[in-house]
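Each structure below appears as structure tokens.
Look at the two complexes coming up: chain A is in both, with chain B in one and chain C in the other.
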Partner chain A sequence: MRADAVRAEDTGAEPLLEFREVSKRYEGFALDGVSFSVPRGFICGLIGPNGAGKTTIVKLLLNLVHRDAGRIELAGLDPAEHETAVKARIGFVHEVPSYYEHLSLKAIGRIVGSFYPAWDGALFAALLTDFDLPPRARFGTLSRGMRTKGALALALAHRAELLVLDEPTAGLDPVFRRALLERLAGYVSDGRASVLISTHITSDLERIADFVTYVRAGRVVLSATRDELAERWAIVRGGPALLEGDARALLSGWERAPHGVTGLTFDAPALRRRLGGRDVVLERATLEDIMFYTGRSC
Partner chain B sequence: MLRLIQKDVRVIAAFGWLIMWLVAPSYLVPAMLAARAGGAFLWVNVAFGAAAIVSVCLLDARSGADRFIHSLPLTRTDVVRGRYGTAVVLALIVMLVGIAFGLTAGLASPDGVWPRWLSPDVGLAYLVVMALLIAVYLPCYFRWGYGAGTVVAAVLLAGLVIAGDAAGGAMGASPPGLPSGLVVRLTVAAVERWGLVVASIAGVAGGGLLLAASAALAARGYRGRQF
Partner chain C sequence: MLRKLFMKDVRLNPYLFWGAVPFFVWVAYALREDGAPVAMLTVVSGVMGATTAATVAAREDRFHATALLASLPVPRETLVLSRYVLAAAAGGAAFLAAAALAALLPWSRHTPGSIFDPRTVMMALVIVGSGVAVLLPMALRFGLVGVVAFFAVLQVAGVALFFISSMFGLRQPMRVVFGSVDAGLRALHASFAGAGASALAVVVLAGALWASYRLSVWLTTRRDL
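Right, the complex of A and B next:
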């Protein structure tokens, strides 16, 4: 298993968000030396099982919890030292958006807009129309999917440099889910903004994420570009020879199947070379495969 | 801070119809019984002032708006100062409503005598009581959250009320038409001794200092919290 941290420099783009060796200790759980970057103009997916530490990472960024060690920077600013300036650059959509239930979206927009210098009321109104949201409907009467749409409209309307979405697609119908992903891809297309999506619905990320950072048990298991994942990570099926010698060292996880062994390799080209002409099949690994097999240590 | 006060006022203003239905009868009862129960008027005002302040905190807690507020470009100190500002504004609004009802009751008084409890010194006493209430409640709210914070503050305030009433009682019988309690007694005595202007300046300055110290304590407690 490896934990390569992809740096923004690798892409040639300016880093918008950086986590460097960030640690946070709770009773019974610790986020341990987390490092990853989100370059400007890219979409980064943060994946991991429940309780892996994804929400803690988002909370650290929003200064909701205090880190024990490490450095966090958004556009060169530490959220603990420049809280206002950092939050002005962030648009946050929580898994279960919470606003005043008795207020309409229009009223909530007026309140939220007063705090952001870059708030665009016309854009907010247009987004409500685009998302089929009734501006005068009380927030408490909206379905979960509509609440997420409303929260997204609020986040987009202040032209955030970094959109942080925590499980955004849960509760959304498939049509809007697809539309949302397209909108996010469009949002970063001018290279000004980035998106950080924390989710365990990995199929969404496979469509749009440029980077994926996988967190498990408080540690970054991998942080890589989508292309790198496609080139190097693969599902491998074969006989017991897979578990012999050098080949086994190239597996992140494996399990015995009825007709042999199925595993996940983090270096498909090297595994191909090692196994030569032996009877093995390599297939493209999905993010779900990566999450599943890296949870099964050799 | 102004934007946070505006936010809070907008949030609570949506319940304006409920407040009006509740406020009018509640003020009318002591107003109608003013001759016998004029002292209750001050405490009706204090009760509504406290309810308005607690309601704003309750609305945040009930809707989970804490999370939304934390995502706004604000520091925790900003949030604390905004809520103190809101509390003072609400206390003043309630005072104005009380004055309006009091004046109506005074003008409608059948014997034509202006009630003693409808006077600037009792108004000043209301402001001092509200400053004390805010100074105790908000640090508890910011340190322990709505649920536990409100309970802790209620216990502390109950202790203060009992102690204040006992101390006021120890000063002898309350002047006719005035509510009992230490703060009222001291405020009325201060106005008698130094005059309304000096006593008001002293009362407002003292209340302001108390609120500033309380806000600093609340901000410290709030900054230490993790969500």
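Right, the complex of A and C next:
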């Protein structure tokens, strides 16, 4: 199984965020040697099943939890050493946005905005209008989706260099979900900012992510560009020959199906060469396929 | 930054400040009695004001806003300091409010000299400062649970004391306890007549507050949110 991390340098772009061998141990769970990077001007998706460690990675970046080992840098600054400077560059949307329930979005904007040097009050007001959010409505009366929109408006209004979204599309209607993804694509288009989205709704990332980092049980299983995933990773269907010799070594996971074997390969061109003219079918692997098959052998 | 944090707490917690109004109405009412204990009223007001900082921290915990606050571009050490500043400001303001009532209400028979007696001011400082030094580390580290647990332990300890003293045949144990507290406070109040005792109290209080602040910073910066 591949676990090599894509580096920002590979893309020729300046790295905005870098995780190097970061570890964090809890009772019953450990994030173990996590490495990946997000180049400036790109969207990176952090995928993995529930409890894989995605939220811990986001919290480590915000210095909400403390790492046991490794190095984290945002624009060359370590969040533990330059906490204020790093946080001023991050716009964060929590999975369940929590603010004071009795305050209106307008009041929350006034309070939160006062802490950010680059806060743009006019932009915040415009975003509330764009998102169809009533500025005077109490936060506690908003639906889950509206809360997420409000948190997103807060994150965007201080012109963050890195937008960190933890499961942002859960609770959003399909129309706004698509509009959000388009907005995120527009946000990074000038090459100044990047977006890190942690989610297990992989279909959102298929649309917009330039990079994908897959975390499972606290380890980075894969970190690759979308193009690399499309070129090299594939679903393969065939007979029992797939599980023989060298071919099996090219599978990340597999399962026996009623009419043969279905698996996931991390090197489709090599598998094609190995199997030659044998009766196998290779199809494009979705992110969901990658999450489903990786490590599976039954 | 400290000013912004302070203003944030003021804007976010208006109900807490309005909630103090009935208490001051009671203070105003109590002042109408002959020989109303003005020292006690002002000191209790100060304590009540200072504990506002612990309540604010606990409310943040209640709204799950601690992580949001920690994700703002503010060092956690400054967040802790802002709570101590809030405690000092709210405690001082509450003390002054009670003192102003005692000085200005037409039915109050206290003179400014008796209200702002240096011994009373010192006592307010010591009691308010000690309360803040004990309560804030718990409120900042353990949130609402910490504050509730603190008062629950106090209450359980009081009940246990009651039973234990009853077992040893002590009659009216609560009267003894409250009598001891009253006597202790009176002794403390009297001791501040001397400049040496006051200076020593200020030094000890400053040390306790500094130790409490460092403990709060230590607990808060190590807290995983």
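Assume the second predicted complex is superposed on the first by the 295 of 298 C-alpha atoms of A that agree within 3 Å, B and C clash if a C-alpha of one lies under 4 Å from a C-alpha of the other, contacts with A are read in each partner's own complex, and residues count from 1 in each chain.
As a working rule, a residue touches a chain if its C-beta (ideal position, glycine included) is under 8 Å from a C-beta of that chain, and two chains touch if they have at least 3 such contacts.
All of these numbers come straight from a predicted model, not from anything done at the bench.
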item: Fit or clash between chain C and chain B when superposed on chain A; value: clash
item: Touched partner set for A:E101, first chain B, second chain C, both or neither; value: both
item: Chain B versus chain C as contact partner of A:E83, first or second or both or neither; value: both
item: Overlapping contact positions on chain A, where the chain C interface meets the chain B interface; value: 59, 62-66, 83-85, 87-88, 90, 92, 94, 96, 98-103, 107, 110-112, 114-116
item: Chain C to chain A touching residues, read off their complex; value: 1, 4, 7-8, 11-12, 15, 63-65, 67-68, 70-76, 222, 224-225
item: Interfacial residue positions of chain B with respect to chain A in the complex; value: 3, 6-7, 10-11, 14-15, 59, 62-68, 70-76, 78, 226-227
item: In the complex with chain B, residue positions of chain A that touch it; value: 59, 62-66, 83-85, 87-88, 90, 92, 94, 96-103, 107, 110-112, 114-116, 140
item: Chain C-touching residues of chain A, taken from the complex the two chains share; value: 59, 62-66, 83-88, 90, 92, 94, 96, 98-103, 107, 110-112, 114-116
